[in-house]
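In the two assemblies presented below, subunit A is common to both, partnered first by subunit B and then by subunit C.
So, the complex of A and B:
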């Protein structure tokens, strides 16, 4: 257990690294440079931003609910960190038990609810609208998201994230569950609030949405939480669908390295997706998730059932 | 359901300039819009009266940073009409090049802003990158990027060399290629179409009744373009294709502007290939005869109108400027009716507003009663 503090530190370092990758990648897609000055190729820029924000003035608006306003940014990063502890990102999970997939899903929902509370507690009308939008958005994508995650659990015959990851030694679940993986990726865009679904902080409509009133240390923690959430969702996608720590060849390279490489690739895919779309309207998002995403997720489960019945895939 | 008032502006993230729109909202949809204009009133018309005719053009150019060449050309035309002089052919061609390059950069800028309002920042970055090509070319040709200072009454101040003309052709070819790419993108990218199609409807009869101008009118299937109705400068010599779309929504206004970018690039290319020889300027007399004149040009945002009165002497007695955004405000109010709140920024952007240019009048009512724009316009017969 000596490595747990190291692992927690690694999550945060990795979160900042992924922010840098995301910023650089999107900048290159947009024909810009992105951060290049701090550290080699600008890799320390997220750290610099974080430290600078920590030193900035921290304002608590008079109209805010003081307890919620102060609590929300402190609590927000906890959920993705706990979620990351459940994934076998370093070869094995820090805490792994049967049923932790449900806990992971619960953590994602609580994260969104915390966003709502953060917006509501700020007492700003843009903050409240942003928070409401986050909650409304969750109504849309949550059910298909859960259904998409059930697919790998059925295939592996377990509700433990690490067991699901370990059981993909023969085939990555993204292959039989291609449809479910697609639904998962679309919903994860909504979960991490990036461009087609960055509705809760659509800056052209509602300033910074639920983050509007946050500044200084609180904003730094919120940004950290958002980066960690990105890592968490990418790691979850890797564990559930992309074969976890298994790579094309294993002996010289430990599973943790494969896992981290795949997580990075998923994060890059999310960055790529966020660069090529315009923003959806909240109505369209909710409507589409119930009209298309949910039926697709159900179809995926039916297809899985059919595979079992036809004997294409043996019962777990 | 009760109607609540949602203020948009004077400070709002969707507005780059100060203007106040009070949206009467029922549930999620807008039922009525009140407008209050006049926040950026700069007293420009009064400044004209204290400037001599030639320096006045630089004031005109500064009315709008984005359609600066349109203002300079319109001002020069009106002064030339009062003075009853005609600039040389070469000057006319160079003016039209400045004018159309101005339109290209304005439309590219606008496309970027629309993309930004839609949350599509990649398109925003790419269009502004291509806009940089045009701005660099403008700097090469006229020495400045924003206010060119090239067009003056009586001609232009800077000649275009053969090498520069060749470069212009090259840049125009690139712009034509890019404009086609963007047109394809606007039509094929589902997220853009979804956010713009059937948003901000303005029917042709409403467009005519509310005197919409420019791409707003042409996006509503109204054939209205000063360049065709009343060609000025070198446009008389060219075969000009007006762009009209019949979708009557934000998407068709977008398509009009993207297609116009290509048309303008074609015009500049054609002109740069065969610039007429001759002088670039004639001397304007210091004192102009008594008289009055009107000039109309098609600025990137629509019909730009200048009216000048001379009582003899070296300064205008009165100079009236009507910018296209003012003409489009009543149409904007009509478009906003019935839309969703989430669409308000997109619809606002769709008229390509330039509020700071349009503010010529400010109503200060000592009784404290608020007057809306419609009433004000009716009173003044604008």
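So, the complex of A and C:
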């Protein structure tokens, strides 16, 4: 158990590293350079932002709900950190038990609800609109998200994230569950609030959405929570669909290395999608997720059932 | 030259505010964030909310109508904060100096840290100004 504080520190370092990779990658796709002068190749840029925000003045607006306004940014990073403890990102999970897939899904839902509370508590009209949008888009993507995560659980015959990851030694579940993986990726874009679905903090429409009123260390914690959520979703996609720690030359190379590389690749795919899309309207997201994503997720489960009946895949 | 001044110098987030300019300076200021100039190389970001901002980039002579709004935006920003007057109008009032409807420069209303003259200044001038601001924040 001596390695748990190190693992928590690793999550935070990795979250900042992924923010730098994301900014550099998007900048290169847009024919820019992104941050390059802060540290080696700009890798310390998220740290500079974080330290600067921690040192800035912390304003509490008179119109805000004081308790919610102070509590929400403190509570927000906890959910992705606990979620990362469930995933076997360092070879084995810190807390793994049967049924932690449901807990992970619960943590993602509570994260979005906390965003709503943060926007509502700030007492700003833009903040309230942003929070309401976060809650509204959750109504759209959450059901197909849950259905897409059921597929790997059925294939592995367990509800434990790490057991699902360990059971992919023969085949990655993204291959038999390609449709479910696609639905999962689309919904995860909405979960981490990146561009096609960054409706809760649409910069051109509602100042900065739910985080409009947050300044100083509250904003620093909110940015940390967003980066950690990105890592959490990428790690979950790796564990459920992309074979977890398995990869070529796995016995000499430890599984944690493969897991981290795959997590990084999923994060780069997400930032690629962030660069090439424009923002959807809130009504389009909710409508499409009920019209297309949900039927596709159900079709995926039916196809899986058909595979079992035809004997293509043995029963778990 | 501690960690704090390093972090503050390397991460200057800018809020852009037009206080009655002709839009010429705004086009040039926003051009500094386009791929050709890319101010994000130095860690500079354009942020939408005054609560997130470190520097207020003001363009235009301050009209009497927008004076109160400018003061309000300035007061909404958390300390430590900097003000950049971008363009001749923002520096001195420019061709509108002495007009009955303008205050004649940003420094008549709020304290200004950095003046960037020009009508309009080039994006390179803004990058130069930001580099100067970074040098001052680091105490060099």
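Rule of thumb we're sticking to: the second predicted complex is superposed on the first by the 316 of 316 C-alpha atoms of A that agree within 3 Å, B and C clash if a C-alpha of one lies under 4 Å from a C-alpha of the other, contacts with A are read in each partner's own complex, and residues count from 1 in each chain.
Here is the rule we use: a contact is a pair of C-beta atoms (placed from the backbone, for glycine too) under 8 Å apart; a residue touches a chain by one contact, two chains touch by 3 or more.
Predicted model, so just to flag it, every value in this text is computed and none were measured.
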Partner chain in contact with A:284 - subunit B first, subunit C second, else both or neither: first
Which superposed partner A:198 touches (first subunit B, second subunit C, both, neither): first
Subunit B versus subunit C as contact partner of A:207, first or second or both or neither: both
Subunit B versus subunit C as contact partner of A:275, first or second or both or neither: first
Touching partner for A:96 - first (subunit B), second (subunit C), both, neither: neither
First, second, both or neither for A:31, with subunit B first and subunit C second: both
Subunit B versus subunit C as contact partner of A:254, first or second or both or neither: neither
Winner by number of subunit A residues touched, once subunit B and subunit C are compared: C
Common interface positions of subunit A, toward subunit B and toward subunit C: 30-32, 203, 207
Subunit B contact footprint on subunit A (complex, rising order): 26, 29-32, 195-196, 198, 202-207, 275-284
Subunit C contact footprint on subunit A (complex, rising order): 23, 27, 30-38, 42, 44-45, 47-52, 55-59, 203, 207-208, 211-216, 219
Touch list for subunit B against partner subunit A, complex: 13-14, 115-123, 125-126, 129, 189, 191-192, 194-195, 340-345
Parts of subunit C lying in touch with subunit A, wherever the complex brings them together: 3-4, 6-8, 10-11, 35, 38, 40-43, 47-49, 51-52, 54, 76, 78-80
